[in-house]
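Chains here go by letter, A, B and C, matching the order in which they are written, and residues are numbered from 1 within each.
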């Protein structure tokens, strides 16, 4: 699976792409810190319990018995969840709409790059409808909305770190 | 206010004149704060990132309340955080934004000009001191039934905008002014009373030809064309001329009518002069705008013939 | 074409390859031409303002018809007038426009670069010889379902345009080409197969510091920063340096990774060198663009200590 030249090129490219997306998410986190003064998770532990913030499962990419197909599927499913959640951020940061839209474009591209690679590898894939119908979370106050946005980015950053380690793990499975 | 859940902050008022007092209160409903039940609730206030002291007491129904007074609030925009001490950290449980500033300053120096290519009326003004608050500025005029109508809204903080032709009533006096509104009040500029045509901004005329009038006079005759789109107007024009060594321009006023020709005397012989002309619509209004000066045109008067 | 009333001109074909034949026919329905009823109808042809001879005969239903053949039409754009002699004048009764030119030339030298500030993919190409005909030029790429999608349309005859980020698919091969179409045909450039990231155009790096490495070595250590927006990329950089009297630059290749520091030896002592650096994204693609050279930076190596 992973000795194949194309797969190697796929991995190299999309490792860089994931680094780019992580950089863009970090930039958004700096904006949230600068403009909303929400910077440290440890100061929001209690208020977080009042909110139900989407957190995409990625345990298939953790497991010792690592399975590319299920891990890839979970990465794609997670990208979709966070793609939808970013609309919450867009409403919070009206001055940074283009930044969020570019991030969403990158996420959609990464997801379909993974889908195409899975198809090339003959793995089963899911094709999501282009429009995301998942209902947006509602918040009881503007403050909760801001804290919700903060945690969506924090969770997404952790998600990306795990996905990145999974892709890197795949490169290490084979001689480059 | 903040959330109705575990903690809620109320601030009164939310938008205040700069330097005035602000009072706030934070109510913690312990039973709704997961993870806080056993703890002794110590409420802390933070204004942006600075700790400020409040006074805490037990409120009704087992709630903990802290009141805070900021005697002279001098931030234009700040966040007031209600926090509690928990596991050695300050947990931010609720927040309220406070803005401070001034009522809008009275816009001044309102002036308008009608653009003859699209007959849009562009007005500009000075905004005055910044109120530090979101302020909506609108150019208004008195509608035919005496009600205030919005002419145009300047884009992104500009202090000019253009009333489109469709909203204008040509050849009729209209009352126009600028209105600025924010949370602390409204201010209006002087009301201008103008007929849009009175403030028409003409393109400059074009000097077509300049000749010395023959038989040894010190006079010249010049022909000029008024700008396109002004054919139906009575114009009032001015000529200025100057020899290179002249300190200032000489001005000839009252060149009027549609004739497009004028004569003037008193020129030195064999001297190169530079001529420029400008026009405006002939109207009683002191607000009428002169066109720019036309592109300059040089002409050397003929030599004086040797006498005797 | 032409009016169906008194006279009508048909031309076939309306747009022809330059130098090929054109045939036209003009039909006059006398009863529909007021003022022409009694007259003997003499049809005259004019190509723009030149008289050309046709062959006239009586057509069906009392019509008069004249046919005309232009064996080698070499105007790129001309008007063919059908006239009749009347009262000593040539009356122009109908007209048809004819255009001539060539099928579009095959666009060539297609090259693209991705701008890292807005991630727009700007492609440019050479148009080739003018076809003299209205030609629509479009940059196309292969969509995910294998259909040709329009990426962008150059403005006003330019031979470059930018595919916006929204239409691009990063980190995946895309097939992109230029298509030119006019009435006489279509021509396509070579198809480029690129991952937009492979043609990213980076801003130059910045040389931060250059120092001689102490204890009498002929080596220097330099620190550089890659351009903003490239933090996530593997870079490949090159250094060039030169002493004022050196005829050419010396080149140090293969400076890689993210380190931002490099060492190089073989420098003369106490000599002023000028240093510049450039980088590109580390990719297999031969199309990858180097950044411009960084602004130059001078540095004088330390003197060699007197020995013994």
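We adopt the following convention: a residue touches a chain if its C-beta (ideal position, glycine included) is under 8 Å from a C-beta of that chain, and two chains touch if they have at least 3 such contacts.
Since the structure is predicted, the reported quantities are computational estimates derived from the model, not experimental observations.
**Student:** Smallest number of touch links from chain B to reach chain C?
**Tutor:** The fewest touching-chain steps linking chain B to chain C number 2.
**Student:** If you tally the C-beta contacts, which comes out ahead, A-B or A-C?
**Tutor:** Of A-B and A-C, it is A-B that has more C-beta pairs in contact.
**Student:** Considering only mean CA positions as chain centres, point out the chain farthest from chain A.
**Tutor:** Chain B.
**Student:** When the C-alpha atoms of chain A and chain B are each averaged to a single point, how far apart are the two points in Å?
**Tutor:** That pair's centroid distance is 45 Å.
**Student:** Please tell me the distance, in whole Å, between the geometric centres of chain A and chain C computed from their C-alpha atoms.
**Tutor:** 38
**Student:** Which residues of chain A touch chain B in their complex?
**Tutor:** Its residues touching chain B are 37-38, 42-47, 49-50, 140-141, 143-144, 146.
**Student:** If you look only at chain A, which of its residues touch chain C in the complex?
**Tutor:** Contact set of chain A toward chain C: 9, 13-14, 16-17, 19-20, 22-23, 102, 105-106, 109-110, 112-113, 116.
**Student:** In the complex of these two chains, what residues of chain B are touching chain A?
**Tutor:** That would be residues 1-7, 33-36, 48-49, 79, 81, 83-84, 86-87, 89-96 of chain B.
**Student:** Tell me, which parts of chain C touch chain A in their complex?
**Tutor:** Touching chain A from chain C are residues 119, 144, 165-166, 169-172, 195, 197, 231-234, 284.
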